[in-house]
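Structure provided below as structure tokens; questions to follow.
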Amino acid sequence: MSHAVSHDLNAPSAKLNYLNAGYGLRSWLLTRDHKRIALLYLISVTVFFFIGGIMAMLMRLELLTPEGDLLQADTYNRVFSMHGISMVFFFLIPAIPAVLGNFLVPLMIGAKDLAFPRINLLSWYLYVFGGAFTLWAMINGGVDTGWTFYTPLSTHYAQGQVMMAALGVFISGFSSILTGLNFIVTIHRMRAPGMTWVRLPLFIWSHYATSLIMVLGTPVVAVTILMVAAERALHLGLFDPRLGGDPVLFQHLFWFYSHPAVYIMVLPAMGVVSELIAAFSRKPIFGYKVMAIAVLAIAVLGFLVWGHHMFVSGQSIYASTVFSLLTMLVAIPSAVKVFNWTATLYEGSVSWETPMLYALGFIGLFTIGGLTGVMIGTLGIDIHLHDTYFIVAHFHYVMVGGTIMAYLGGLHYWWPKITGRLYRAFWAKISAMLVFVGFNLTFFPQFILGYMGMPRRYWSYAPEFQVLNVLSTAGASILGIGYLLPAIYFTWSMRYGEKAGDNPWGAVGLEWQTSSPPPTFNFDEIPVVTHDAYDYHDQRPTNAAKGESALV
Amino acid sequence: MSNPAPIPASAAAGAHHASHPALQHQFDSLAQQKESSSLGMWVFLVTEVMFFGGLFLTYVLYRLRFPGVFAEASHHLNVPMGALNTAVLICSSLTMALAIFAAQTNRKKAIVPWLLATIGLGATFLVVKAFEYKEKFTHHLVPGPHFDLSQFSPDHARPAEMFFSLYFVMTGIHALHMIIGIGLLSWLVVQARKGRFDSSYYNPLEMSGLYWHFVDIVWIFLFPLLYLLGYHAR
Amino acid sequence: MSEHEPSLKPYILVFLALMVLTAATVLVAKFDLGAANDVAALMIAATKATLVVLFFMHVKYGTRMTKLTVLGSLLWLGLLIGVTTMDYASRRLSDEVRGAPYEAPGLELAGQLGDSAQAPVASAPAPDAPHDR
């Protein structure tokens, strides 16, 4: 393959970059370049996103009518389980860290690559391997345990391919652990000269916090899944009440990871949004240090609240009270972030580019998701709302309204950097609108449904719930179109898109100082950093002209 | 494992310093590389702590729930063999440390023998463990349909089965870690034979050593928890 | 790590200490000391682990970052065990307040389960009391 780079190809840009540095399949599948691995992840998480999306459409179609007419009860159970497993473990958790994080962490800190490029490639293979197991399980009958694999359902009673699905999740967990490990070491040891901790972009801070959660939490769920597998396959008794075991212990171990996992999904999203808000307000982020501390505080506090998933499962009420209280505490740093983003907008020169639309959408939807989280974190209210559609709506507002909005916003923002091409802004804005409207139409009715008492995870429901369910399904179809559009215009732009130039948004940040797409080792010369992150002061003609620059 | 193309590293790596053959492209210096792999290894060990932590938590909670049962069940474990294995592992930790010491002090010839000694001790541990497992099989102490409940007082039989479930899961996962460790050490032997390690570069030795010692520490806790609590009541 | 002069002596001393402590833990376990048995076993194990970490794993001469990582892992392990135990430790108290025990305490449960069938049964297994709300 060396000849591929030694002489210039017919590419219009003479500059060598990571995309034209080699063309064979081998050059992709054996690459150690973090940027190429990010693209490999982009393709694979998109596959799982659409698999999970198809499952979601099936569920919404079934719920169009109160009767179980499209799917049978058992099939419906499998469909929502596979929706949850693909979306949570194979899309939401890796989406931002493994795609955008992988691409941007070294670029943003001025490094040539991640600290362990081979381990980075290994973690992609583990992801694919785990994904293959889970796909196999889906094709061969699926599982009906829900994504939570609660015992004793998963260990003794569930039909289907529980072992295979669990093994898939177990393996992909190691992919997540290795990504986190790689980020931690990279952020500690590979920063460019002058890139001090207080100059790191908030994207990096949030990925650092996320990595801590990945490293500290994922092993616990890994060993828990292993115990479930041992109980199911080898007839060992670890959570089995007949031997005196406690299924609630499984829930403790499971949520010790799976609650912080929500922060694995949403912290990187917060990082992305911080970048977008600063870039499209042309202002430094308001309260940078507080924002960095808030990210770490969320990561730490996020580990102390897992019991709020177990208020009605036999946990002691004293523990529940403590967990409820701690849950309220997480709201503080989260609210600080929302306030600071809005404060950043104030007096900024806001431009309504596509990524900004997504970022603003994120702030609104995340606020609703977060506030309803406070509601259901309250002991008394949760007893009423537990296992209803209110919960479903709440976590979709956080994970879809939060994570996916930010993920798409980030993709739209860095796409010119990743591919060197521009997409059609018109279509992108249309799709951003469709996603926002479709999302709210899908999930807002579910808050009402849940409050009225419609339980989650059933294939049929009482007839009085139908109107809201039809609204929700209608919203889901709009949302589906909103998600399909980017897939089309992004693909189109890779070939036909306009050349982006190195810095189409006029943004600051090291990733914009190198060429688009970046060369294999990211920078022709390792940059020396002399400014804080979001150094937008010079680029604020509006406020300066008004003579208000003193009021930052 | 070749990257797309052997791009001349000089542009990115800076041609200022003559690079060590073991220096990887993403690092500027051997020191940075060493610091990075050390931090990486420690972070990996953190994940191991949490991994085993889930098991230890399960053990602790069930032991608090059934103290008498767990004491009675532990009487079916072979304390001399467990103690022997503890000693074997401590010896292997010493030989591992000595292998690294040999590299640090540039006594290259001593590295391989110490590594081989470590592998031998690790294998001894596994052999003893295998004998213990065999004993459990012949005594029908393996959880599942063939578990012999009649060996315990009737009140204790089912939670005793849970004790043995925990015993097999915990020691089994520990043994798996030992096997992986032996694999790592064997690779190190090959590398050391090629003369890769000396006082200027012995990073892989140091990192594998950390792993090996960690596995030793897990056993240091497993031995008293599984074998000794309740020993006096035999 | 390279600042300190490597020397053989600490390795040998630590090794001897570990061997002595192993013998001690077996010996102590032979006597019935009540709860002190458990405490002694765990204290000795913790001492041994600390020796291994400090000397064999070179943390004593390691960077601040290494020490922080070790402490962090212990903190999080403590958090996992401590917070979960918080639930189990307050279950009995919680049951009294609720007036409906979620589970029978330890040994009685074992007795009640002792004569149940070995093979998985098809009916619901959990002796779970209904929620009281």
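Letters A, B and C mark the chains in the order given here, with residues in each chain numbered from 1 onward.
Here is the rule we use: a residue touches a chain if its C-beta (ideal position, glycine included) is under 8 Å from a C-beta of that chain, and two chains touch if they have at least 3 such contacts.
Note that the structure is a prediction, hence the values are computed from the model and not measured.
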Graph distance between chain B and chain C, where chains that touch are linked: 1
Result of counting contacting C-beta pairs for A-B and A-C, higher pair: A-B
Separation of mean Cα positions, chain C and chain B [Å, integer]: 18
Interchain centroid distance [CA atoms averaged], chain A/chain C, Å: 34
Chain A and chain B: spacing of chain centres that average the CA atoms, whole Å: 34
Shared interface positions of chain C, touching two or more other chains: 65, 76, 80, 84, 88, 106, 110, 113, 116
Chain B residues counted as touching two or more neighbouring chains: 35, 39, 43, 46, 50, 53-54, 57, 61, 65-66, 69, 145, 158-159
Shared-contact residues (touching 2 or more other chains) in chain A: 188, 216, 220, 240, 242-244, 246, 249, 253, 256
Residues of chain B touching chain C in the complex: 35, 38-39, 42-43, 45-46, 49-50, 53-54, 56-57, 60-61, 64-69, 79, 83, 86-87, 90-91, 93-94, 96-98, 101, 104-105, 145, 147, 149, 154-159, 206, 209-210, 213-214, 216-217, 220-221, 223-225, 228-233
Contact footprint of chain C on chain A as seen in their complex: 152, 156, 188, 216, 220, 240-244, 246-249, 252-253, 256, 303-304, 307, 312, 314-319, 322, 383
Residues on chain C engaged by chain A in the complex (per definition of touch): 65, 76, 79-80, 83-84, 86-91, 93-95, 97-98, 102-103, 106, 109-110, 113, 116, 120-121, 125-128, 131, 133
Chain A partner contacts - residues on chain B that touch it in the complex: 1-7, 9, 11-14, 24-28, 32, 35-37, 39-40, 43-44, 46-48, 50-55, 57-58, 61-62, 65-66, 69, 143-145, 158-159, 161-162, 165-166, 168-169, 173
Touch list for chain C against partner chain B, complex: 1, 6, 8, 11-12, 15, 18-19, 22, 25-26, 29-33, 37-38, 41-42, 44-45, 48-49, 52-53, 55-58, 63, 65-66, 69-70, 72-74, 76-77, 80-81, 84-85, 88, 106-107, 110-111, 113-116, 118-119
